[in-house]
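Same chain, two partners: subunit A is paired with subunit B first, then with subunit C.
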Partner chain A sequence: MTLDTFTRSQWYAIGRLPDFDGAEAKPVRLLSQDLTVSDKAGVLSVNDADGRSLLTQIRYGHLWTTLSDTPRPLYDMPEFDEPDRRLVTAGGVGVRCSGLRCVENFLDMAHFPFVHTDILGVEEHPSVESYDVSMDAEKDEIWATKCKFFQPMASAAASGGQITEYKYRVPHPYSTILYKTCPIRDNVWDLVGLFIQPVEEDECIVHSFILVFDDENTDTGLLHFQQNIFLQDRMILENQVPRKLPLDPRWELPTRADASSIAYRRWLKANELQWGVALFNEAA
Partner chain B sequence: MVTRRVSLEGTLKTESCLAMVSHFARRLSLSSTIASATPSCITLILTGDERLIDMFEIACWLGPDDVNIDAITLETV
Partner chain C sequence: MIQLHDYPLSGNCFKVRFLLEQLDLEYQSILVDFYPGYEHKSPRFLDINPLGQLPAIVEGGEAVRDAQAILVYLATAYDKSGKWFPRDRQGEVYQWLAFADQLTGSISAARLHDAMFYRLDVGKARSDGIRLLRIIDEHLWFAEKDGHEWLLPLPHPTIGDVACFPYIALAEEGGIDLAPFSSVSRWMERFMRLKGFKPMPGMMPLPMPKETP
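And now, the complex of A and B:
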């Protein structure tokens, strides 16, 4: 599938800064293209296979690049500038499915009791209450708000079960951020997010992060919590068929709990995204 | 069992949309009758389990590749 304009025009995280310490033409794969990253006296540069120098920026603890000369601006997360928050980055985890599938899985609350049993959900409380989904037309991003779910251990800092309130944000076809009730501070949100590096149409590397208020857990403890959750997800993601994301409605039969997923797919469709999408006739 | 008048509005390619409506109605064991169909609005009468009619609505929001659904309304008949 040809790379569509919407996909090509995005910035992509390709690793954490320490991943490239002293790099000399370290190979990186992005959007089916071979790139290299070099570290010259602490300045990182990215080149494509033809030697063309690509635009780069360092944001949110990661190195970002783009294949476009005129990319869309990278979305803002002002929480990264707030003092006292702790940033834990989990490194890249390879997943054999479209990165679009990973975003969609992240938006899905219905799987919590069955995939993250006794952590993010319990089988006795499987219902997904109605929530709101809206499109921020100015920023061209999706928000799912008023999401509530009973969770026995919502985060590494949680001391017991609670009704956790969530907001989901999708500001980029390959990024998604979860804002969840902070268990130890009132009126603030903890952030958990995915920066997905699409390697091929049906393969990606997921760079995840946690940006939280947490005075008790070590970075290792936070990292283990996050990795445990994501590795449970990976087993599910790698068994989905097709590996690319289907947009044709005949593939599946969504329910109201999938409202955020429907909004995400409608948004991809409206932006004429094709790369990473399964065509109905391809696997029918 | 309930009966609802369902209207899909948007930029509809009638043939694709009718195929989608028929597909979902069949999968959800809903009885469907097309009341009217134009390139901007399709109206049908659905009878079946209320929860399955709700699923029908959600499923229709995505629409086929060549269709953009802008609004779906359900009315009690």
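And now, the complex of A and C:
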């Protein structure tokens, strides 16, 4: 499948800053292309296979690059500038499926009791209550709001079960951010997010972060909470068939609980995204 | 109290946690940033284990390193029943502890390659892992035929089973399909039904209720 304009025009995180300390033409794969990253006296540069220098920026604890000369701007997360928040970057994890599948799985609350049993859900409370999904037309991003779920251990700082309120944001085909009730402060949200590096159409590296208020846990404790959750997801993601994301409605049957996933698929279609999408007639 | 230098996503740490819990021993888990921080290669940790490998335990100021050695240490020191490390069957148990070490060198290596980008020959790691799975599957097939459920012909598991279990149960994370190994799959299911068993991420939970009717 050729690279569509929507996919090509995005910025992609390709690693945390420490991953490139002293790098000399370190190989990185993005959108089926071989790139290299070099660190010259603390300045990181990215080149493609023809030696062309690509645009870069350092944001949200990661190095970002793009194949486009005129990329869409990278979305804003003003919470990264708030004092007292702690940022933990979990390191890239390889997953054998389309990165689009990872975004969709992240949006899905129905799997919590069964995949993240006794952490993000319990089998006795499996139902997903109605929530709102809307498009922010100006920023061209999806928001799912008023999501509520009973969670026995919503975060590393949680001391017991609580009804956690969630907001999900999809500002980029390969990024998604969760805003969840902070268990230790009122009226603020903790952030958990995925910056996905699409390697091939059906293979990706998931860079994740947490940006939270937490006075109790060590960075390693926060990191392990996040890695535990993601490795539980990885097992499920690698067992999904097909590995690319099906957009054809004849293929998978959504329910009301999948409202955010439906919006995501519609948004990808409206933007004519093709790379990483499974074609119905291929499987038939 | 026993201190365990621990990483939740390590199969070798899992087996030590499992035995500690089976023996009802209190322990303190000291989290090590294995990935992406590679803290097990840091000077602080190399003081505890110069090999730079997890897990290690420290008790009364003395460190014991190597997952299999820790299982032997804990069973010898604390298992009054003598079931986990039967004295009259030590040779057979050691054989499976050594086998477990080979699983670390193959299946665990493939898993680290696929998920965390360790640089190694993943084709060789997978084919070595598959060769080991064939061996243990055949062993378990004959064991089942003789009416036995565990690696040793005893009515209960030993630290040999504990040592071999995690990286077999995590094989699919390293791109190795377990479907062809039916005796291994049944043995894993029996292991997952042991009282107090909690799967770690990457181990597919059982599809059936944990209590057999």
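Observations, loosely collected:
In this section, the second predicted complex is superposed on the first by the 284 of 284 C-alpha atoms of A that agree within 3 Å, B and C clash if a C-alpha of one lies under 4 Å from a C-alpha of the other, contacts with A are read in each partner's own complex, and residues count from 1 in each chain.
Please note the rule applied: contacts are C-beta pairs under 8 Å (C-beta built on N, C-alpha and C of every residue); 3 or more make two chains touch, one makes a residue touch a chain.
Treat the numbers as computed from the prediction; the structure is a model and nothing was measured.
In the overlay built on the shared chain, the residue A:Asn228 is in contact with subunit C alone; subunit B does not reach it. Of the two partner chains placed by the overlay, only subunit B lies in contact with A:Pro254; subunit C stays clear of it. Residue contacts after overlaying the shared chain place A:Ser130 against neither subunit B nor subunit C. When the two complexes are overlaid on their common chain A, residue A:Ser32 makes contact with neither subunit B nor subunit C. In the superposition on chain A, A:Thr5 makes contact with neither subunit B nor subunit C.
Looking at the superposed arrangement, the partner reaching more residues of subunit A, out of subunit B and subunit C, is C.
Shared contact residues on subunit A (touching subunit B in one structure, subunit C in the other): none found. Across the complex, subunit A meets subunit C through its residues 16, 18-19, 89-94, 96, 117, 218-221, 223-224, 227-232, 234-235, 238-239.
Only residues 20, 23-24, 27-28, 54-55, 58-65, 68 of subunit B touch subunit A when the two sit together in their complex. Those residues of subunit A that touch subunit B in the complex are listed here as 247-250, 253-256, 258-259, 262, 265-266, 269-270, 280.
Residues 7-9, 31-33, 35-37, 39, 114-117, 172-173, 175, 201-205 of subunit C are the ones that touch subunit A when the two sit in their complex.
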